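Same chain, two partners: chain A is paired with chain B first, then with chain C.
Entry: the complex of A and B
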């Protein structure tokens, strides 16, 4: 991450995240949040993870924004002319301490694109990269892992989405229509 | 911005906008095709069932935004999202159990004995995931939007 474009993107993401947290108007907050998602998804593409970027753009910037907008449609705008929410100092202190604790793990991460990181040198990764094309006949190694090597995991995820989704649909449907 | 919130205080009112309707009418088929492309092409490029399913679900969201959520829900029907989700999980399970019946392991695509069995198997699984995700997105959209009218007493 060194070029001007990447630094600009990072700054954009940080600013939109701050705007999401600080804006008093919920509508503005949601718009800032969708801008944040869009920036993050472009960063994923820069990090050579287009699958994750596509997901973030579709879910984070697209569907979540619409669902949030529908949710706040029931609320009213808070009174007053202030644009920025007042910051709770104690909550801010706790948050900064929490982030500082989490940040200590940053130093354990290998630099982006490092050839000797555990992910690259791991035997499982090697096996996937060497055999995915011939064994599964697909050209996207991510899909090969998701749907072939770890197909059973993916089935589990699909069933989780199924049960969570049907549960929410049932409960909300009852609440709304009965 | 204040206009939006003023409108949202009386959310039952739906205002037709010819610009949005015309835009959605032009864009929706392309978005739908793109979603299917991402779903089917996930095997060979980035993307896959999850992303494609979300994009296909977005088409229904766009239609709802342009032509009124109530109208769109009546057009789609209350059962279709649930049917999509159930059919997706069922299809995934059947694709997985098929090789077991043919004497292989669970999800062992090669047991089907078709040429490129693995490739087609993976693409079918992606399609099943796409069905699940698009059904969930559509269903959530309608249910959350229905909460906007808290008068109750209407049927899906």
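Entry: the complex of A and C
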């Protein structure tokens, strides 16, 4: 059972996601998305994931908003008279079908917060929690897994970020062969 | 039914967020809004992952706190995924700026018409 605060937070997140989808103005959509990211990062704190919450608040609500704002500053912001966009019935139909298919799995999932779910009782989880401090001397198990046990994953992530940087430089580079 | 649903509310919200992201990616003509939709879709998946790691009454995976702890593994995967998502968004927005320089519009319909004419 979730507390009233959690239900309110989830409602805020869903409403700001709907606002992101339905606002006609791109700037309005970006601002609603930023509020949405902030709400999600508070949900991470409720779900005992403070590292993810910090990253989401800094990167999702911060860097991402700046990137979107820079993009519309460099391109256009189509103006319209209406505030809310008209709902596209065909897209909505596809979406509802998709969500319905996903929801068929809903009652097969373990209840939220169950201590005996497969992820929580898994050997890998237990190994990390029992041995992270003795093997890496880091008190934060997330940091220990990120930097030590799954160091190659993090190296791959760094490669992705590096290639993204190179990609942006290539894409935005003005060609001057004349 | 209602009880079974209320203990799985987080999953339902994750599915709804994935749905909203899908709707934005299908429906929107504006490329920037398509990218925002992709981000909403992604965070729906992130919510699903973090929820399956959660144990009610447990501490965050900081080993100085008393146990039991939530599972640290999905947290690590999602941290990586958030950073990769930002890289993806940055490249997509770079391409959008370039497309705007080429076509002077961000509307997919107009871009399709213009590129068909060429």
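Structure notes:
Note that the second predicted complex is superposed on the first by the 164 of 178 C-alpha atoms of A that agree within 3 Å, B and C clash if a C-alpha of one lies under 4 Å from a C-alpha of the other, contacts with A are read in each partner's own complex, and residues count from 1 in each chain.
The rule is simple: a contact is a pair of C-beta atoms (placed from the backbone, for glycine too) under 8 Å apart; a residue touches a chain by one contact, two chains touch by 3 or more.
Please read these numbers as outputs of a predicted model, since none were measured by experiment.
Legend: residue contacts after superposition of the two complexes on their common chain; A:159 is shown touching chain B, with no touch to chain C.
After overlaying the two complexes on the shared chain, residue contacts for A:148 are found with chain B alone; chain C is out of touch. Within the superposed three-chain arrangement, the count of touched residues of chain A is higher for C, of the candidates chain B and chain C.
Of the two partner chains placed by the overlay, chain B and chain C both lie in contact with A:168. Of the two partner chains placed by the overlay, only chain C lies in contact with A:102; chain B stays clear of it. When the two structures are aligned on the shared chain, A:50 is found in touch with chain B and with chain C.
Legend: residue contacts after superposition of the two complexes on their common chain; A:140 is shown touching both chain B and chain C. In the superposed pair of complexes, A:84 makes contact with neither chain B nor chain C. Legend: residue contacts after superposition of the two complexes on their common chain; A:63 is shown touching both chain B and chain C.
In the superposition on chain A, contact of A:76 is made with both chain B and chain C.
In the superposition on the C-alpha atoms of chain A, the part of chain A touched by chain B in one complex and by chain C in the other spans residues 50-51, 55, 59, 63, 67, 70-72, 74-76, 139-140, 142, 144, 146, 154, 161, 168, 172.
Of all residues in chain A, only 1-2, 7, 10, 13-14, 17-18, 20-21, 26, 29-30, 33, 36-37, 40, 43-44, 47-52, 55-56, 59-60, 63-64, 67-68, 70-72, 74-76, 78, 88, 91-92, 94-96, 98-99, 102-103, 106-107, 109-115, 117, 119-120, 122, 124-125, 128-129, 132-133, 139-142, 144-146, 150, 153-154, 157, 160-161, 163-164, 167-168, 171-172 touch chain C in the complex they form. On chain B, the positions that touch chain A within their shared complex are 1-2, 4-5, 8-9, 11, 38, 42-48, 50-51, 54-55, 57-58, 61, 65, 81-82, 85-86, 88-89, 92-93, 96, 106-107, 109, 116, 118-119, 121-122, 125-126, 128-129, 132-133, 135-137, 139-141, 143-148, 150, 152, 154-156.
Note for the complex: chain A touches chain B at residues 25, 27-28, 50-51, 53-55, 58-59, 62-63, 66-67, 70-77, 135-140, 142-144, 146-148, 151-152, 154-155, 158-159, 161-162, 165-166, 168-169, 172-173, 175-177. Residue ranges on chain C touching chain A, taken from their complex, read 4-13, 15-20, 22-24, 26-27, 30, 32-33, 35-37, 39-40, 43, 46-47, 50-64, 67-76, 78-80, 82-84, 86-91, 93-98, 100, 105-107.
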